[in-house]
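The following blocks contain the structures, represented as structure tokens.
In the two complexes that follow, chain A is the common piece, with chain B as its partner first and chain C second.
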Partner chain A sequence: MTNKFVGKRIDRVDARDKVTGKALYSADFYQEDMLYLKVLRAPHPHARINSVDVTNARKIPGVVMAITAKDIAWVKNFGMIFKDQEVLVREKTRYMGDALAIVAAETPAIARQALDYIEVDYEPLQVLSDPLQAMDKKAPYIHEPREENCEPGYNPGNLLCSHRLERGDVEKGFAEADKIIENEIRTPHVEHVALQPEAGVAKYDKDTGVCTMWVATQWLHDIQADVAQALNLKAEQVQIIQPAIGGAFGKREDVSVHIIIGLMSILTGRLVKMEMTREELMITQNKRHPIIFRYKTGVKKDGTITAWEAEVIGDTGAYASTGSAVVHQALYMCTGPYNVPHLKGVSYTVYTNNTYAGAMRGFGATQAAFAYETQMDCIAAELGIDPLEFRRKNAYELGSITPNGQILTTSVGIKETLDKAAEIFGYEPGRLSKEVNGKIRGVGVSSSMFGCGYGEGFPDHSIVDLEVTREGKILVRSAAADVGQGILTVVCQIVAEVLDIPMDLVEMAPGDTHATRNAGSTSATRQTIFSGNAAKLAAEELLGKIYHRASLELSKHHPQFLVRDGEVVLQGTETRISLAQLARISREKGDPLQAEGCYFPRTDVPDEATGQGRLVYVAYTFNTHITEVEIDKYTGETKVLRVVAVPDVGRVINRVGVEGQSEGGTVMGLGMALMEKQVIEEGITKNADLSTYLIPTSLDMPEIITDIVESGDAAGPYGAKGVGEPALLPAAPAIINAIYNATGIRFYHTPVTPDEILQALQARASKNF
Partner chain B sequence: MAKVKVNLKVNGKEHSLEVEAATRLLDLLRDELGLIGTKEGCGKGECGTCTVIMDGKTVNSCLVLAPQADGREIMTIEGLGSPEALHPLQEAFIKKGAVQCGYCTPGIILSAFDLLEKNPRPTREEIKEGISGNLCRCTGYVKIVEAIEFFNEGRGEHDK
Partner chain C sequence: MLIDLGYRAPDSLEEALEILGEDSSFLILAGGTDLLVKYFDAREKMGNVLDISRLEELKKIVIEGEKIFLGALTTHEEIYRNPDLQKKVPFLCRAAKSVGAPQIRNQGTLGGNMANASPAADLAPPLIAVGARILLAGPDGERSFNLDEFFTGPGKTRKNPNEIITGVEFNVPVGDFRNTFLKVGQRRALAIAVASLAIALSCRQGKVEEVRLSAGSVAPIPLRARETEKILQGQKLDNLPLEKAADQLEKEASPIDDIRGTRVYRARVLGNLLRKGLQEVLSQEGVSENG
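Now for the complex of A and B:
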């Protein structure tokens, strides 16, 4: 049977409100008599705080409250994995985003002004900005030492954790190799630049004891739990209502304004609003982890990889956030989608006084993809094998084993993505760069893999509830956060598909901790698989209930019915009953037409010593890019001309959505390759605005052709798997590899800026001279 | 702070307001008139999300003080169309999948509208140039450019 909705180009369910400016984002909630909050941030990245004096700030007319850590001794620390972050710092600052005081005032201007009247007495401590320095035993401790977790020989106050990976015998593998290639590859701090700044509104109801907040998050129920524990409330006392979300990319996995607005609504008894400035959020909120990869790879002359060793060091900054998971994911994905018989690796997650790092699109796998695709390209060049051919030779197929020891049994489309990309691009093996009018063109190849879902045995599920309304519409209740990627449209499509009902008869209830059940986070490229499956299961159960009720009402058997366009039809007759009517009857009989779907697959916890497990992720998404660049010899400027992107998504649910992810991911990767680096020197950000931290504009946009491989047998609904993060992964390495192809100059870091290219070209010219 | 009287026309409607002299046009529109379709992204004129059209010219409303808008005519996204009566350009954005998170969308649609008012037959390069003051982090701009082209093709059909 052909699908009516699944696989088609479907308009977003929220687009009408968004194109007319009607969609409400966090900052768009207005009410009379609101108080406005501003936060005093750290004066120094690492300092002993002697006192914070708010006496003068409190005297300013219009200031309603000004508090420091001393006023909220009862408030607990927060954090996604480790509760290592203070709402207001008590004894010392660890980075420039630490909060020292909160002011609530009648206008934003008064609150801002009041910050200038707060006096802080502090003693600067040594700032640790380099993770290698922070790991050293001699370095001062940023956090209290945690001996139990620390590796001998490392700094117990700064090494957060380490992870290991081991399969086979690398020494044997290196002995079999004809060549051994070693490289160190680095990635920097990168900022998400979701266009909507962090903001939120909260009110506290003294009678019910419930604090209600309108604030964006990628995971309603997890943020609810963290806010509740920090403020000594029960989870049900914290209600979060999800507004429209102006982008996320991992930024909104962490707490931003949530605890502060909740706290101040309780303390002041008034409705409070907080909006961060762009500068404040760039300094305060999570970054992409800078990661150092030290690779050693053994290969035979014919291009067979024999062994791979990796050391991975991630700078998580002042607080852990999701850092332990991000950095070990970089390790777990360290060889990419290529067969490696002997493998050994270790990763370290290290505290520094930099802005803390957490989730950002790809979650360690993005940094890893840049590293392994650089390494693969270096090896191909060293062996004199075409880079695409070299990847093809080593690429996974059914039966291949991932770094975690998972044997791939379904949906391995990596070779098809390479072949399809080559065909569409018109790829010529062994192609040399061309120079026209001082401009050099080159072509780069990159592939990638990404494990969908949390995996590793971490509890991972989504629940979707459905109900037939009095009007005969299907009401969908899901807490899945639509950060722009389009999960709500995907869920509605699937419900419409199963129930054979027009899309406009499917309605979404807004995300609300008190009205929708846990959907897990919008992260780990998991929502299409998890909430998609939950929606399908719920719709199938609802369909069963509809058949059941219809058979009772019409005294006919199930196979004689057809559910279509909001009606149950008795086939071959004029008899029909509308869903609205059936819903009314069901409700009257005390058995309303409701159904739930819960998708909760099992994964294995990998062995601690070796990282090996059997079913570590529910699915892997693969993606290949072939990219052409043009470099101006005289300015060093790189222009990306053309990208052919071929993801293997298992099965397309919304074609527009998959293309949109691919295009957006490609351009985000272009930024990563050529522009983006948050410069943090001695803990201080030097470019906390969008004039000095550049992201691509429409003028940087290349021609992008996305074609899709549908292997069709993945764990998601209709055989789908996710695409959000994998869409980004191959983009940056393909560009850097194309720069190599054009110039013969290899860069081992991002971003590669025009001045670096110019310098490298000049250095080479003078050497040749 | 001193209050200033500001008379301006917004989406065809006259308004007379008393605001503090340092009030930004962005705040006047959002806080005073409730036109929340105009978004703040950076407050420094870098991202273009607060774009509105003032006397037939796009401006970053975070960089315009309310008194500078005195006697001017402003158009915001609310002036272009409504969910019940979309402007065809808005419809093109929906049809072509040019909207993801939607935060940059009002500003980009207004930049595109202004471009098309001045240059009814823009080339692809001119479209890219025309929206280059508006950042978008979700779409990679591809479907935005396609939506503007699609709208223009439809308009071309109309003209025939």
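Now for the complex of A and C:
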């Protein structure tokens, strides 16, 4: 049977509202009598706070409240994995984003100006901006030492955690190798630059004891839990309603304004609103982790990899956020989609006084992809093997074993992605750069893998509720956050497919902790798999209930009728019952047409000492890029000309959705390769605005051709896997590898600037002279 | 604590000058693309504002033969789209087109670009290279300066606070006039120059008759590279001392390190822009001397 909706090019269900301006973002909420909040941030990245005096700020007309940590002794710390972050800091600041005081005022301008009247007395402490320095036993502690988690020899106040990976015997593997290649590869702090700055509105109802907030988040129920525990409330006393979300990319996995607006709505008894400025959120909110990879790889002359050793050091900044998970994911993905018989690795997650790092598209796997694809390219060059051929030779196939020891039994399309990309690109093996009008062209290859879902035994599920409404529409209740990637459309497509009804008869209820059930986070490239499966299960159950009710009403068995276009049709007759009618009858009979679907797959917790497990992630998505760049010899500028992107997504649900993710991921990778770095020196950000922190514009866009491999049979609905994060992974390394192909100059970090390229070109020219 | 802010938007230059004569603390507002960014989130610190955007006298573009006047309120978009300017001074149009993005080009003005006096102001190098004079009007009368003597430091000019820039004027060289503008930014749109270079070359009988070079973002002010000009002056077009000139230009620059680029890169790339730019102008079709 061919699908009507699944696999097709489907317009996004939220597109019309967003394009016409009807969609409401949290910053759009306005009410005449609301209060505006502003937060005083740290005066120094690492300082002992002697006092914070708000006396003068309180005197300003229009200021309704100004509080410090002293006023809220009852409020608890927050944090996603470790509760290590204070709502208002008590004794010391650990980075520039730490909050010292909150002002509530009648206008935003008054609140902003009141901050100037707050006096802070502090003593600066030594700032630790380099994770290698912070790990050292002699470094001062940023947090209270936690001996139980710490490696001997490392700093117990600054080393958050470590993880290990081991399979086979690397010494044996290195002994078998003809060549051993060692490199250190680094990535910097990167900002998500979601379109919408963090903002939220909250209101506390004294009578019900419920604090209701309109604020974007990638996971309603987890943020609800963290807000509630911080404010000493029960979870049901915190209601979060999801407005339209102006992008996320992992940024909105963390608490931002949530606890502050909840707290101030309770303290003032009024509707409060807080909006961060771009500068404030760049300094305050999570970053992509800078990670150092130290790789040692053994290979035979014929290009067979024999052993791989990795040391991974991630700078999680002042607070843990999801840092421990991000950095160990970088370790768990450290060899990419390539067969490695002997493997050993360790990762360290380290506190510094930099802006804290957390989730960002790829969650450690992006940094890892840059590292292993750089390493793979170096090895290919060293062996004189074509880079695409070298990847192909070592790429996973059915039966391959991931770094975590998972044997891949299904949906391994990596080789097909390499072949298809080569074909579409017109890839010439052994290709050397060519010069056209003072511009040098080169081609780069990169592949990647990504484990979908939280995996690793972490509770990971989604529940979707369906109901046939009085109008005969299907109402979908899901807390899955659509951060722009299109999960709402995917869910509607699947429901429409199963029930064989037009998509406009499927309606999504807004995400709301009190009306929709947990869907987990929109992260880990999991929503299509998790909420997609839950939607499919729910729709199938609902279809069963429709059959059941219809067979009672029609006194026929279901092979004799079919459900189509919102009606039950008795085949070969004029008899039909609309779903609206059927819903009414069902309700009257006390058995309403409702159904739920819950997808809760099991994964294994990897062994602590070796990182090995049987089923660590529910699916793996692969993606290959072949990219052509052009470098201006005079200026060192790199222009990305053309990208062929071929992801293996198992099965396509929404074709334009996959293409959109692929194009967006490519541009984000272009930024990462050539422009993006939040410069943090001694804990202080030097480019906290969009005129100095640059991301690509439409004029920087290359031609992007996305073709899709459907290896099928993956864990998601219809055999799908996710694509959101994998879309980004190969983009940056393909560009850096293309720069190598063009110039013969290897860069081991991102971003690569014109300055560095020009310097390297001239250094080489003078050497050859 | 919120101050009442003065805002005036006169209809004539005369009236504007009267206001400035009475109170020189008024901040002049044209397109606002520099000013409103500077006072973003701090409108209360702005004080009195004199909005000159209604002054029709300042919106004119007058082209009489080779003599050109551009009013201070001319926008980047108007410069870049003007067919006469495209013919006579293509490098000025190229510079205008390189500014920001469409919104900025439609809003930002020539006068604002000059008064703001950023070393990166994109219109400055081609205007200096074409020998423009900048015209000022104040309560005490009119003054004018050669543009290359107008800037005194980052954000500083010889203009008094109570003077309004009315426009710039220049004569397009007659005969075989070749020019180009090259800019290195960190991306292809919305990029402040890391370094830029305007080259204006008047040629006669296969020789450089007159040359003016002006560079952006490589000195505290838009740079007029007189020493490098001397090296090229009078030289044969088919045998220009390219390397010597590029080396001299690197020496003449005094760039700084900032978030957009390093000192070393700026100097190095400037030399390369001269190499690249001179090759480009040499390949341009020379206008025949009689024609």
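Following the convention adopted for this analysis, the second predicted complex is superposed on the first by the 769 of 769 C-alpha atoms of A that agree within 3 Å, B and C clash if a C-alpha of one lies under 4 Å from a C-alpha of the other, contacts with A are read in each partner's own complex, and residues count from 1 in each chain.
Convention: a contact is a pair of C-beta atoms (placed from the backbone, for glycine too) under 8 Å apart; a residue touches a chain by one contact, two chains touch by 3 or more.
In this text, all values refer to a predicted model and were calculated from it rather than measured experimentally.
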For A:Ala244, is the partner it touches chain B (first), chain C (second), both, or none of the two (neither)?
first
Quick check for you: in the superposed arrangement, does A:Thr697 touch first (chain B), second (chain C), both or neither?
both
Return first, second, both or neither, reflecting whether A:Thr638 touches chain B, chain C, both chains, or no partner chain.
neither
Which partner chains sit in contact with A:Glu659 here, chain B, chain C, both or neither? Use first/second/both/neither.
first
Please name the chain, chain B or chain C, that touches the greater number of residues in chain A.
B
Where does A:Thr277 make contact in the superposed view: on chain B (first), on chain C (second), on both, or on neither?
both
Going by the contact rule set out at the top, does A:Gly484 touch chain B (first), chain C (second), both, or neither?
first
Which of chain B and chain C A:Lys686 touches, first, second, both or neither
second
For chain A, which residues belong to both interfaces, chain B and chain C?
277, 691, 696-699
Touching residues on chain C, where the partner in the complex is chain A:
1-2, 41, 43-44, 101, 184, 186-192, 194, 259-262, 264-265, 268-269, 272-273, 275-276
Contacting residues of chain A [partner chain C, same complex]
60-61, 109-110, 112-113, 277, 438, 634-637, 675, 679, 686-687, 691-692, 694, 696-700, 753-755, 758-759, 762
Complex contacts: residues of chain B adjacent to chain A:
31, 34-44, 46-47, 49, 76-78, 80-83, 86, 90, 93-95, 97, 99-106, 109, 127-129, 131-145
Quick check: in the complex, which residue numbers of chain A touch chain B?
9, 11-12, 14-25, 27-28, 30, 192-197, 244-249, 275, 277-278, 483-486, 656-657, 659-660, 663-668, 689-691, 695-699, 701, 704
